[in-house]
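The two complexes that follow have chain A in common; it is paired with chain B in the first and with chain C in the second.
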Partner chain A sequence: MELLKVEGLKKYFHLRGNRVVKAVDGVTFSLSAGEAFGLVGESGCGKSTVAKLVLKLLEPTSGRIFFKGRDVTAARGKELSSIRKGLQIIFQDPLASLNPRMNLLDSVGEALIVNRIVSKSDVKERVLNLLQKVGVDGEALYRYPHEFSGGQRQRICIARALAVEPRLIVADEALSALDVSIQAQIMNLLDELRKDSGLSYLFISHNLLAVEHFSDRVAVMYLGKIVEMSGTNTLFKEPLHPYTEALLSAVPKPWADERGKRIVLEGDVPSPADIPSGCPFHPRCPKRFAPCDTIVPEFREAKEGSFVSCHLWG
Partner chain B sequence: MHFLNSINSFWLIYKRHKLAVLGLILVMLFFAAALSAPLISPYDPNDIDSGHILEPPGRGHLLGTDDLGRDVFSRMAYGSRISLEVGFVAVGISTVIGMIFGALAGYYGGWTDRVIMRFVDIMLSIPTFFLILAVIAFIEPSIWNIMIVIGLTSWMGVARLVRAEFLSLKEREFVLAARALGAGDMRIIFRHIMPNSLSPVFVSAVLGVAAAILVESALSFLGIGVQPPTPSWGNILTLGKDNIEIAWWLSVFPGIAILLTVLSYNLVGEGLRDALDPRLRHGRK
Partner chain C sequence: MSETLLSLENISVSFPHGTGYIKAVDGVSFDVGREETVGVVGESGSGKTLTALSIMRLLPPNAAFSGKTLFKGLDISSLGNSELQKIRGKDISMVFQEPMTSLNPVLTVGYQIAEALAIHSGISMKEALSEAAGLLRRVNIPSPESRAREYPHQLSGGMRQRAMIAMAIACGPSLIIADEPTTALDVTIQAQILELLGSLKEINRMSLLLITHDLGIVSEWASRVVVMYAGRVVENAPAKEIFINPKHPYTLGLIESLPRRKGEKLLPIPGQVPAPDALPKGCKFSSRCKYVVSECLNNEPELSPAGSSEHLSRCVKAMVL
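Presenting the complex of A and B:
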């Protein structure tokens, strides 16, 4: 069954002078229990906005989000907090994600107290338990965020997210602020948690290698839209969309014979306040042809399990 | 341990600011004087002595006597209590009001924010001192009323500061994470945002004490603040003005006391601002 279903999600930010930033513009995907779904794209393509919308930290302009069949978008009050228990988020900067004036026990224990998961006297024990799960020394219980290393802080953030026993964790660039060796450790931790407790992940990253390693399926976002979505192996071996091809060609490869031709895109990502007509990628696309600058390509299944929005596959 | 650590690192930066250290010493001296007023005063501040009217500073009366023969040093010692009381209570009131309004405006935004901030603009557009004069004209000028009026007319700066802190803090990841974990608005405001927004409020409160002391002195000087015979630096100055040609000490000493107090609170405030600035803190280590 689908754990998370996102349908036609849109988030427009209104700027001064009637300008509208279409940060997320009609995103549809779904994620089944136990699955890790990768969401990749350049900075500013709307990945993080999708993360915040899924957790209802932002109100969508339109579209719907279902979690375990329950409508997140319409949920308020008790309904919302009960949904939120199943959904958690880990951010990019673990230092910014921890209240600098709360110690480890309070930070991790807060969720237990707020949601009345355990009685007050058992909070400490449960926190120790959670810390053990993520590999943080229990003796640090009364230390403050600035006293930990980046990797430890991210482990603490994971422990805090696990406190409510979620089914889905949204990892919003959760590895990007960490050293490469620490990235590997945290990724292994997330992998273990997935095997042990059947967690699902919405793994948001601009790091294609991490996404390839971690995800079962991948969606590529460009200017607020998903341009391609398919199984990880398929997508990395046979990308359909020219943008995906360009992204993949930019991944550094260790062996010379694996290096293909680097596709360098012309120009910059257009401002999301001023999205090009037709296919939003057409001004930078090396393979553009007649309909691209006028007709918006449909998002359709080009091959079994592979969806793309590109006129080449129309 | 964290608390002691942060006090320690705070002091390391604070003490680099020599004038602020001087200010802190002066503030503590005035505090000591106010607390020990009954001990250090050689006379009862309200003892009228017709034999020693307008005596210059000298052996019997350290800072001289006023036109009723009262000892100026004793009156000033007791007057420092009034100044500090007014300063702290007024600032307490304005800080609480400012924090509540600022927090509501910054956290909820939208209409709440617009209504509160326009009200702040209105309050700021009225010159505070004239507003106080107008209010005092209708109510009895007692020390408590003075404190309340000063407090009610000086919270706008705090509200703006707190609102600005809330606006930036409410978007921070740890606040979003708390919300995702199911923390309610009150918990987010009081446990997550408020404790992280206190530094500028603290600085502005210390500066506010100086401002409140100055306003109280001015009101008492004009005769609508602390009423005689209760001594205050301001109303001693009034007597000084009446006798300025024959008794310079009645103007000079309370004047110096007011000057030094206001100056020292301002110095402390500035030292705090530097010491609490996270940018300077991270530079250290």
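Presenting the complex of A and C:
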């Protein structure tokens, strides 16, 4: 079943002097129940804007988002809060997403009280239950965010997200601020939660090794658009888009036998306020040819289940 | 190994804490050979950055330093500030993680590069400024003459880091210390910067001390790897060997934490790094180690050869891992 469906999503930010930043420019994908969908790309590609749009923390310029068949984009008030119960987010920096003046019990308990999930007298018991699920010691109930390590804080944010029993968790760079050994702990925790309660994830990250490990399907974004989307194994083994190819080859790998030929791209990512004509990747593309600088390639199915926007696959 | 260029001998860095001191770096020793790239890896709080800063004595003012730093045989840890100033940026230079905070926002990029040249090689500022553009060209910055007249905020993150590297190589140093030089950059830009550092190192015949948390980077670029945990060196081995045959449970744990095969459960290191004022008594890793035995709890093992004289480990079980 389709849990989340995003159609032609656009978010433009208007700057002074009639300049427009096309942060998200026509993104379409869907995610089924129990699935982990990875969204990768470099800074400025629009992946975090997609996260905020999905939760309606930002209003889209155009396009529609459906969660369990309900239109998120049109929802207001009670309808919106009821949708958001099924839809939670964890951010990169757990310290910035926890209130420094609220202890653990209040931070996690607030979600339960606001959404009237349990009666006030049962809050403590439920919080303890949630903490056990994410592996935080229940003794710590009255401690404040600064008293925990980064990994513990991220666990607390996960417990808070789980409080409303969501169906989908948007993880926006949720591992990026953590050390390698702690990243592995959190990834295992997210995996277990998925197996135990059938959670789905929109897993947004620039860490390609983590995305490969964690996701069933992956979409690669570049300058506000999805340039390639397919099953994780296919995408990592046989990337179709030259950008995906370069991105994957740029990841430093600890094991010599897993390294392929490195493709070093020229230049920087152009500003999203000044997107190149034709294929937005053409100025940096090692495989560009005649139509690339004038004609925008269509996003089409090149092989079964593999979508790409590139003239090489036209 | 080639001839030694830099030798750290028993480096410790302590900070006042309560009535006493706590050691953030404790007895670190390792060598960097001429034209060698040594990678130092470790997680936050392992002391890798403080070790790097201590080489040029750029430590915070309240830090207490002890130990010996030999550079080309000269004990630079005993030098006064004015003598050290002649070495900083000339024989040894540094590249930091965040170029925006290491560059002066109110001076042009060209001026900042020229400044180092004018101070160390005694040429006039005018000559230095024209040389600065040449240096920007060497780090592959397009239209270097006009870029030299720009301010740091006008450059992208990748270009700022290139400018930092131009500054670092300006006076032809024999050692560059790069502390997380690509951590703030995107992966395709990271690849560009590492390729650049690697090729400059070859052309200028420099040594590189590469501090990073990324095991992939050290494996690809370093010939030797020093692994730090809780302010100590726990393993020091050739890069080719350490990923295949680690001899310390912490190194093994870091490697096993990395996603490798899809669908395989990751094997994280349990728990977290203990606070520097609450380290276990014996081996500092014993509280998280799955190979722990009773002797680990009382005595801290020495860093000693495990299998070969080139492969050092601080673990009593090194040979059975």
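Simple rule for what comes next: the second predicted complex is superposed on the first by the 313 of 314 C-alpha atoms of A that agree within 3 Å, B and C clash if a C-alpha of one lies under 4 Å from a C-alpha of the other, contacts with A are read in each partner's own complex, and residues count from 1 in each chain.
Methods note: contacts are C-beta pairs under 8 Å (C-beta built on N, C-alpha and C of every residue); 3 or more make two chains touch, one makes a residue touch a chain.
Remember, it's a predicted structure, so these values are computed and weren't measured experimentally.
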{"item": "Superposed partners chain B and chain C on chain A - clash or fit", "value": "fit"}
{"item": "Touching partner for A:R84 - first (chain B), second (chain C), both, neither", "value": "first"}
{"item": "Partner chain(s) touched by A:A111 [first = chain B, second = chain C, both, neither]", "value": "first"}
{"item": "Partner chain(s) touched by A:R143 [first = chain B, second = chain C, both, neither]", "value": "first"}
{"item": "Touched partner set for A:P100, first chain B, second chain C, both or neither", "value": "first"}
{"item": "Superposed model, angle subtended at chain A by chain C and chain B (C-alpha, nearest 10 degrees)", "value": "80"}
{"item": "Chain B versus chain C as contact partner of A:C157, first or second or both or neither", "value": "first"}
{"item": "First (chain B), second (chain C), both or neither touched by A:K52", "value": "first"}
{"item": "Partner chain(s) touched by A:L265 [first = chain B, second = chain C, both, neither]", "value": "second"}
{"item": "First, second, both or neither for A:E42, with chain B first and chain C second", "value": "second"}
{"item": "Which of chain B and chain C A:E165 touches, first, second, both or neither", "value": "neither"}
{"item": "Superposed arrangement (fit on chain A Cα atoms) - minimum chain B/chain C Cα distance in Å", "value": "9"}
{"item": "Touching residues (chain side chain A, partner chain B) in the complex", "value": "52, 55, 57, 81, 84-85, 87-89, 91-93, 96-103, 110-111, 114-115, 142-144, 147, 157, 160-161, 163-164"}
{"item": "Residues on chain A engaged by chain C in the complex (per definition of touch)", "value": "42-43, 149-152, 179-185, 187-188, 191, 206, 208-210, 212-214, 232-233, 246-247, 249-256, 259, 262, 264-265, 268-269"}
{"item": "Sites on chain B touched by chain A in the complex", "value": "1-2, 172-174, 176-184, 187, 191-192, 195-196"}
{"item": "Contact footprint of chain A on chain C as seen in their complex", "value": "43-44, 156, 158-159, 186-192, 194-195, 213-217, 219-221, 240, 243, 253-260, 262, 265-270, 272-273"}
